[in-house]
Structure formats: structure tokens, C-alpha cells
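Before anything else, here is the set of structures, which you'll find just below.
Common to both upcoming complexes is chain A, partnered first by chain B, then by chain C.
Our next item is the complex of A and B:
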């Protein structure tokens, strides 16, 4: 099968999953109580409430209600977020860049560190370095994210005063109104584009602790996968051939082995992105990071289910898309996949 | 004339007979675990927490009548650990006894994880078995369901379900079961599909065995060992997610003996300074001890799970 046909087939397979997710979320919205409650206040008469019911098609059978609801979702009506005091979709747009920047930086850290450590521990199998990384990955998969975040905060902020306690930038930049209005919403990129290096440094300084906290679990997963696939590749015949024909070890490792070992690792990167989005809820709450995660965690205490369900819908969408991209990338890297 | 036993009980007997050698194999494997020192370490860690859960009433006897899961509190400022005349691990926000909370919290964690994982595994076993064995439409429907549930990260799916329910421990467990069954259904289905292709299954079909008999005699017993590995690993994972849910505000209320909840209660004090007997302290203990207990449990589960995976896969053992 050609790659383009594979991509089209995978895209078509995503549609039923997304529809299923939307039906699931819709069912949850209808289980939270009478949906008319979102549109009425205590001054309305019963007749007026009935009118609202009619207006929003809430007297129709459920399947039809679902279609109207889906239409609303597609047209941008995601309900009202009590927590953010704005429509849910506006809140998502408002909080999204902060979360996305944190997630991208964290996954970058996880990929770079995880692959480097995984490759090295495969080369030094059962040597002290391998044992040390095994301990790191064991702690990474078992430590509670929120606990790690709190410990880092207490140590680096409270004891050593090395890193800031909250937010994306220092207050001085907010007061001086030098925040970039830039095109991407990523403070790192926007500040560089604006040529403001002091701000760029400040943004990185604020990113450090949350990004390390968030990436720790993913480092463990990626490290394990890279180690295993590297060990498998190193036992293959073509590596023996490469060594036999007298190539030096670094060429064998870097040019021959690691490239092929990276292929299976790409799939876990997609999967750990999902865990990362879950971890963002905890990490953002701890570091007062003004993103989607903190917003949804705040929604929990206010029983604001419209916000929580909106958050879940967007996360499911992102997660499905990321894994779609990873699958396509995988097929591109490993032509054998397309044949299946 | 002989009286035939009813069909269903014959299947159960078959199933038991088939399970016996596998349990023996499992016991043999457990013998091998003694040589695997990391898995042994995991067993010690999990045993430590489980014993704490079992003997909580003796380790930390409740002082008053009423719900023993509510941590006793003297409504004062936090006090440091390891001091004369104070609770062993100090007190946290509202003066809750940290030692008492850690001990009784073991109960919450162990019970929650076991309950969630075993229920999810049972549901997954039945649905995954049906999907894999009968195939066709049933398979299609069940698998599309799992697709939907698996397209959301575990913590966030649990948040979505818990958000529409009253906040309490039972509802949190319910949400976690809904999150966890699909991965078991997938696992069992895959296992059934691969076992079904074996020649011995074909042979029993050829001699005219009924489908149910094949399912109970061959397929389920041969799918047990990956299930055991998965259950062990998930006990830790469920403990992590349920503590996370409690931490962000689902599940139990303040002052309840649950480690995630205790960490979120302790968080209010950990960036401040208190003075006790003229010495200044940062109340780190209110969140370090519950977190440490949780880490011991999750780490233990993951060590045992990894060890079992190596041992129960005969290819990796005898290869």
C-alpha cells in the first residue's frame, strides 16, 4: 500500500472514534441534570422556561438532541464556563497556549533525555550506568507527579530560592506590559521573535520546574522502550556485519543501530503525550501555571461540569490527533507497517 | 442409566481441572521469584503496606468512637515529627495525626486498588473473551467501545466521569473501573485470538468439542499469565491515579485517611514556617510521609510486575 493511501485509511478510522467520544461526552452532559438549567435564572416563569426548552430543542428525542448538540460543538457553542466566566471554547482558546508550550517543552525534554539514556544503557547493558538508569525509570513510573512537583518546589523555591514559585513570567514583565502579543502564544518563541532576551530568559526560568516535573514520567517510559529496542537491534546480523567490516563503534551505534532502534520508540512518544496531558492537570495546579489543566482542576471544586467536559473533549481530540500523526510517522519510517 | 451433570457445572469442573496444572506452574514460577532480587524487594514493599492496612487498628488504635477513617485532629498548628509526647510523625494542617493517617490510608489505597483492578479485570475477561471467541458483530461492538475509552488519557477520562457524580470514594472507584476495563478487554481478546489459532484447539474442535468447552478448557486458562502480570502492574497505576484524583478534589473529603488527600491538605503549610519549642520548622512531614508510603506501594507493584513478566513468560525464562 502506498503511504498516501495508508494516511487516508487512518484518517477515515479516526472519524468513528471521535464520534464515539462525542456521544460519550454528550451522554455525560445529559446525566448531570436538566440541561435547561444552563440557560435559565430564578426570575423566569415556567412558560418562559418552557420556551427556552423549545428554543434549544430540549424536548426532542435524545438522538436528535445529540445532533443539535454536535452541531453546536462544531459551530463553537461549547456551553458556559462558570470558572473562567466566559464561554467554554473561549476559555480553551485562552488557556491553550500555556498548556501546549509546557507540554511541547516537556515532551522535548523527555524525548532527548529518554533516548540518550536508553541508548547508552543498552550499550552498557548490566553495567553500573544501566543499573542507575533502571532506578531512574523505576522511580519515574512510580512517583506521584504532584508529590514530585511539591518536593521540587519546596527544595528549589523555598530552601534554595533558585526557581520561581508560580506562573509563566515574573510579575515585573506583566506590570511593564512587555509581554509578547506574538503570533504563536508560546512565550519562548514570541519573546525571541520580539528580540527580548531578558524576557526569554525569564520564561525559561519559569518553565524549568514544571517542565521537569511533567517530563519525568515520560522520560521513564521512553527510556525503557529505547533501551529494549536498541538491545534488539544490536543483536541483529547487519550490526555484526558492520562491525566485521571494521567500522568503528561510534559509527555502528549512531549510524546503524540507533536510527532503527528509534522506530518503535516513536509509538510510545505518542502514548506518553496522553499521560502528559493528564499530568498537566496536576503540574499546572501546583505551579499556578495559567493553562487548561489548572482551569479544569479549578472547575472541579466549583462543580463546573461544562468546563470539565469541554476540557475532556479537547484533550481527547488532541490525543487522537497526536497518535494519528505518530502512526503516520511510524508508517513513513518503517515501510513494513503499510503492508499490514 | 446414568444421570448427566448439568452442562454449566461440567464446564466449571473442566475449568478447574485445567487450572490446576497452571496454578502449579504458577507456584513453580513463584519459586523462581526468590532468585529475582528486585521482585523480592517489590514483594517486601507491597507486603509492608498490606500489613499496615491489615493491622491498622493495632498500629494506630482509634481514640474515639465514630468513623476510624477520619484522622484525629487537635485543630492546632502543625507540629514536627519525632518529638516527645507528640504523634510519631508529627501533625499537619488542623493538627491531624500524620502517623494515624499514613497507617489507615494504607487501607484506603489497598482496598481501592484491589477493588478497581479486580472488577475491571473481571469485566475485561468476560467482554474480551466474548469478543475474541465469537468474533463478528459482538467483537466489532465491544472493540469500538474500547477504542472510545482508550482515546482519552486515564486521569482525564476518570475526571470526566467523576465530574458528574457526587464526590465520594465509591463514585471514584466506579469511575476508575470504567477507565480500566477496556485495556483488560483488549488484552484478553488478543490473547484469545492467538490461543485460538493453536493446533490443540483445532484438534478439540475436530473431535467435536462444544464452543463453551473450548473456551473454558483451553482458551481462558491459557490467557491467565499475562492477566496476572497486568493486574500487578495496574494495582500501582490505579493507586497513583486514585491518589491524583483525591489530590485534585474528587473522592474523599478533607481529614479522611487517604494519601492523596493528605498531601493536598499538607500542601497548605509546606511553604511556611512554624515554631515549636523555640525551633523553626517548615512542615515538610505533612506531605512527605503520605507520599513516601504511596511511592513504596506503587514502586513495589511495578517491581513485582516486571519480575513476574520475566518469570511467567517461559520463552524468556528457558531461552
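Our next item is the complex of A and C:
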């Protein structure tokens, strides 16, 4: 009961957060340039540009423009994305599954590898394994993602022909018209629902390289956090007590130490996942991935304010949700944490 | 102790279960991925003679409605899906051939009436709907009635509707119906302009003679849509407008079967095509935004052709199996514009201290013409894939003359002109800001070159600042005439010199007004050339105009890009037409098998 009330309260808090974000971003998009730029071309006359200004209420005072936009948002009309050539809501619905699938696989890799290496690194503190993982994590945070992506492509696509170079699925499925039309937009789920296992494999195959590329940065952060957290926990008295009781080392590590060490790591995982859900411009570009990152970057380049606003709203929403989930996980991982 | 002893195995079991679950999940993923690799035979696509894959930089169409779309991504789709009354003849942009028209039109002596006889038996892609004069009239009526200011229909409206520029865009009421106001183009106006005289006969009645009218008809905007299809999907309502923005139904050689934004366009051969089914049965236009990934896919044989930026020529030159087609002039020209009436409001005086009429002095303009290193720009920045134009009319276009001279890079001459100007600017020195549109590195480099040239004339006295402008800011600066000098480019709407002279030299033109230029004599000459119907006389008029433009020295014409196409060497039927939006797939072919050596 307490948990459900907490969730409802947090969900209600989403509204002022989104309003704040929308006012901030709306003002920012209007201050950084003339919004009419997204709708005109070089060959239009000044009179025609003026017509466009009128059409989109761009001559009205800023607060009025904001209210027009807000009214649209409430009514489900988020505007037209010039970048995606479709309504903004449809664009979000289109790009989000691609980004979500990639983010889930990436964070899965990052969590498995990061926590395993971080834990082991802490156990073998200042030993060769620890040094090696520290180097790996340093490389992970400092390696430019576009370079890593291209390196993986050069080796696994161009040299070995083991992985594909682009997109979410092979052309053969598109040409044979065997792509499922839905219902979710998540190719992994849709292919399984359609019973098309070849397609499912193909989708995973396409996810592999971009997910590995994207996970590298998160692995580094999670690894570092888990290592530090583990070191802190391992030095606490209750661990010494557990060892003194004669528990075997694996039980001490897995049952007593790691679970508590996971608490701060969970925050990092949550934030990393939130960031991944916002899209990754470079990874999505290198692997021709039609995700939110590419859409937002292209929208910003062409001053497509309807798309920028829609994107910011959805990312703000995602962050709030991810934070909420992290807070709930806290309670699960540490019963001492009380939701209030 | 007991409790602990009991708890430990339970915890161990739960941890074990999680481990097992994790291992199973990872194993499934790996097995599935490996299975797929084995199943599909690695990353390389199998050669398929029926499928043509083109790798493009990305970016989506703005609309798939010929009455609205005015950019090249959508243009490529429209060009392959729809057809116009007349079209370019192979690689020639000035030689037009009848396409949906059975023959070239009869044109009245006064140049006001164009009478087309249509080809009979041309079916839309459903193979049930025949294209008739009603469809032609409907296509043009619809574009004029919508009159989308973002779109290209001005090129017909300006010559079919009296006082065209007084009319605005159509609006829709809350029910989605088109609202007619005093500011709307009416059906009556359209009925006066376009007549469906019989099932296969259409007449256009121009308000003023306009020689480029046929060239304008060859542009995508002149595509013929099916009246029945559009009406079935909403006609002249908001629903119809929206439907046509994302759906196509034409008579062309291909049908747009599917597209996914930021992913691909899939075209399949129109089985009902009146000239016979295309050789290439499926075209995949794949969006690969990263240049390196795109080049890898091309070299790996996964793409038949791809867009490769000019500065990447080293990555594709001398690669076995690839062919490069280059050196044919495009109609894209770059220029440095000089503002005769600089609006200094808002300009930083520490960056620009010249008087507003600085460029009104022809000697100053001539100095700028000679201060730009054309050869260096073309050879280094454009990788040799450009030529120096001798005026606004690009090489290869009707009206171009090779005899017209060009300005050369000559700093001694440039200095002399600055010294003999009304003010000796070499002695006095000046500060000037030169603008370019942000993101265009070639133009930025060009600005740096004019800076280097000018500053070398009086070191320490002449200071040129290069400033990049965002598109939105650029629009404001353009409107207010605030850019003292600007480096920009131009691509044509239709293949006619009027599409260059009007914007650059007519006082009502986009760039002429931007630089504050107005010359009644030249205006009259441009208007006269536009209505002259005798090609020989007209060509001479343009040659004369080119000499006039040379003398005026308003724009430094810095480069006319040449084409750069990279594809597999087995591609058959490729040719370059500067008016095409990328590729016209009907004329392309691939061998049935590849010779394995």
C-alpha cells in the first residue's frame, strides 16, 4: 500500500517536471534562432515566409505560442516532425523501439560484464587482474565511441564478414516482405510473436555490434562503481563477522557483500540506462540505426522545434521513470531503505 | 547458527538460479546470433541481378506529394514513381522528349498556348486506371489550389495565374475541408489556365509568354497524379493532402512499396509500366549516414552504388571492382556575393568598418574578383571536381557561352583596383566580415581564401573576419541585407538560364535584392530573354547578358561542381544528367551473373 502510494505520488510529480522542462526547452528553441527556419527554403519570397510565420502562429507573443503548443500536447497533437516527415508522436513511436532494444541489450552486457569484473577486481585488489580491469575501464570511458564502432565494423564486418554493417534487419527480409508489421515495433518481440525465428536471430545479429559499442562506456562506469562499492563493503565489520563464522568465501561475496555493494551501482545503472534510452547519436549513425538519437540530432541541426520539444519531453519522462524504478529497486536491495 | 546454516544454502540456491538464468539468456542470444550468421552466410549480401542497392547519406523526404515536395530525397522517389508530360532526353538537360505526352506540344506563335496530345493507354500502377487529360488538369489544378508556399508550384502559378504572388496557401477548416478566401486561388482561375479538351488533349493558357515553361514542366512538380486515386483518399481536403504526403500512385517505372524513415526506401518495378517492366526489379535506397560505414559497405559489395563525398575520393579510387564517373558539370554553382547597400545595423563595427556603399564602387568589386584563388579552391577544396564558371549560367546549360571571359586570381591587379577606387583602400585599409552558412566546410574554406587574398594586399591594414551563420540567422541577415559579403551556392529548379539570371540579376530576384542591386536595363533584358521563343535569338540574348554580367562584377563565380558517382563496375546504363535527383533507375541494369576470376 505504502509502495503504491509512493509510486502514485512520484507519478504525479512527473507533471510539474515535464511542464518545467517544456517551458525551458520551448524558450530555448525560440531564443536560439528563428523557428520559421525549419519550414522555409531559400527559394521562398519574403512574403511567402511571412505566410508561413502566420500559419504557425510564429508572430504571436511567446507565452501564447507556448499555450498553443501545450494545448496541442494535451490533445495528442504534438506537431509535425519535419525531420521524420510524420507527426511527432508517430515519430517517437517509430524511433523508440529501436533505441529501447539497443539500450536493453547494451545495458544487459554492461551490467553482466561491469558487475562481474568490478566484483572480481575488488576481491583481487591491487593484483594483476585489478590493474588490468582498471586499464579496461579507463579505456572504456576514454575511447571515442565512433572510433570503437568503426574499429568493430572494420574487423567484424569488413575483414571477417561476421556481422552486418547497418540497420536493424537484413535486406533479404525486407525484400521478401517478411518483416512483421507490428504490433510492438520491437523487432525482437514482433519476430517471436510471428514465430519467425530466423528473423529473431537476424535482429539479434544486427544488435550485436552496436550494443557492444554502446555498452563499452557503461561497462567502464559500472565496473568502477562496483569495484569501489565492493571495496567499501568488504571492509565492513559484518563481512569480517561472516568470515569469522566460517562461511565459505563465495557465500560471503555473493550473498553478503555483492548485494549490498549493488546499491550505489544500481543508481549508476539506472542513469546509464536512462542516457541510453535518450539515444546515442554516434553509435546510431555509424550502424545506421533509426533511433531517437539520430532523430534528435537531425532535428536540432534543422531547428525542427516540434521534434526537439517532443524528444525532450519524452527523454524527461524516461529519466523520471528510470529514477522511480531505481528508487523502488533500492527498497528491494536494501530493506532498511524506506520509501517516503 | 542454525538459522544461518539454513539460510546459506537457500541463498546459494537462489544465487545459483540467477546465474543459471543469466547463462541461459546469454547462451540463447549467442546461439541465435551465431545461427543467424550461419544461416545468412556472413555479413556480405549475395549478388542479386534484380536488386539494386544504393547507399545514401540519410535524411528523409519532406513530402511525397509532387505538388509540395521541393528537395532531392523525395525528388528521387517522385522521379522514379511519377512521370511528367515531357522529360529529359538521356544525359541532356536541355533536350526534352515527350513522356506522358505523345509528342512535343503545339505552341502558339505568341507563346501563350501550349497544346498537348497525351499518350494513350498509359496506366497507373494498379493497371486499371488509365491516365487521361482529366488527370493532367487535376494534377495542375490541385497544385495551384493548394499553392503551398514551401513547394515548387510557383514555377507554374507565376505564368498560369494572373497576379499569382498575391495569393496565399490554401487553408483547411476544423473538419479538414479546404477553405476558399479572397486570398486563395480559385477553381475558376485554374479552369481558365488549364483545359482538358478531350480525353487525350490538354491545353495550358499562359498569362505571359515564358520560354522555360517546358523545362519547368519536366520538373517533378509537373508529375501527373490520378484524379480517381486522390479523390478516393480525400481529394482537396486535409486528409487528401496528408495522404499524398506519404503515399504515391503514379504511372512511372517504379512503385514505392515501402519506406521506413531513416532506414530505407523500397521501390519495386511497376508491372504495368507502359514502356516495359524495368530491368532492375527492386531498388533499395538505404540510409547509411556514416561515410566510413557506407564506403565499407560499397567496397564489400553490399551496395551497388553509394554517395561518396568528394574529399573521400582516395578511399574509392583504384579499388578493384569499383568504377568512378566524374567530370561532367552539374548545375550547382558557388559564388561570393558583394552587397552594394550594406545594412550596417547590428553589424559589429570592430569587424566591419567599410561604408554601406563600399561595393558600389566597381573597382572594389573588381579587386575582390581578382583576390580569390580559383585554382587553389577547385584543386584543393573541391578535389579538382569543379570548374570555374564564367558567369551565372553554368556550363552545359542552354544559353552558356564559352567565349565569355572569367576573372583570374591576380593579386597585383586586385591591389591596383583597390588603389584606384574612389578611396585608396590599400592605403586606408578596411575591416570586413564575410559570411557563409554554417556546416558547409567548402564555403568556409572559400571564405578563408578570400580573406587570405585580401589581407595579402595590405598586411595589417586589411582585416577580413569569416563568420558562419545558422540557417535561421542567415534568413534574418538575408532579409535585412546585413551581410557585406557572403559565400553561398545555387542549384536550379529547372534547366533554363532564366532560373539563374532572374534570382541573381533581376531587381526582384532573391540574390539581387539581397545585395541591393537594381538595374532597369538589365531587368528588361532578362524579361525579354525569358519570353523569347526563338532558341537562336534567345541564346544570343543570353550570351549578351553574360557579357553584361561580367562587366557588372557583382558576384565572384567561384566553382561549378562536376559530378562524382561511385558504383560497382558491373553497373550498366549509368549516365549523368544534372537535372536528375540522384538516379533514374529505369535505365540501369546489372548482369545476370558476375564473372568470378
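Just so it is clear, the second predicted complex is superposed on the first by the 263 of 340 C-alpha atoms of A that agree within 3 Å, B and C clash if a C-alpha of one lies under 4 Å from a C-alpha of the other, contacts with A are read in each partner's own complex, and residues count from 1 in each chain.
Everything that follows uses one rule, which is that contacts are C-beta pairs under 8 Å (C-beta built on N, C-alpha and C of every residue); 3 or more make two chains touch, one makes a residue touch a chain.
Everything quoted here is computed from the prediction, not taken from an experiment.
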Touched partner set for A:25, first chain B, second chain C, both or neither: first
Partner chain in contact with A:135 - chain B first, chain C second, else both or neither: neither
Touching partner for A:165 - first (chain B), second (chain C), both, neither: both
Chain B versus chain C as contact partner of A:300, first or second or both or neither: first
Touched partner set for A:74, first chain B, second chain C, both or neither: neither
Partner chain(s) touched by A:205 [first = chain B, second = chain C, both, neither]: second
Which superposed partner A:244 touches (first chain B, second chain C, both, neither): neither
Superposition-derived comparison: chain B or chain C, residues of chain A touched: C
Touching partner for A:15 - first (chain B), second (chain C), both, neither: neither
Overlap of the chain B and chain C footprints on chain A, listed as residue numbers: 32, 146, 150, 153-154, 157-158, 165, 285, 301, 303
Contact footprint of chain A on chain C as seen in their complex: 1, 4, 8, 11-12, 15, 22, 26, 29, 32-33, 35-37, 39-40, 42-45, 51, 53, 58-63, 70-71, 149-150, 165, 168-169, 171, 245-246, 258, 260-264, 266, 282, 284, 286-290, 292-293, 296-297, 299-300, 302, 439, 470-473, 475-476, 479, 493, 503, 510
Complex contact set, residues of chain B against chain A: 144-145, 147-149, 151-157, 159-161, 163-164, 236, 240, 243-244, 247-250, 260, 263-264, 267, 270-271, 282, 284, 287-288, 291, 294-295, 298-299, 301-303
Residues on chain A engaged by chain C in the complex (per definition of touch): 32-37, 39-49, 51-52, 55, 82-86, 91, 94-95, 105, 112, 146, 150, 153-154, 156-158, 160-168, 170-172, 174-175, 197-198, 200-202, 204-205, 208, 245, 247, 250-251, 254-255, 285-288, 290, 294-295, 298, 301-303
Chain A residues touching chain B - in the complex, by the definition given at the top: 16-18, 20-21, 23-25, 28, 31-32, 138-139, 141-147, 150-151, 153-154, 157-159, 165, 274-275, 277-279, 281-282, 285, 296-297, 299-301, 303, 305, 308-309, 311-312, 315-316, 319-320
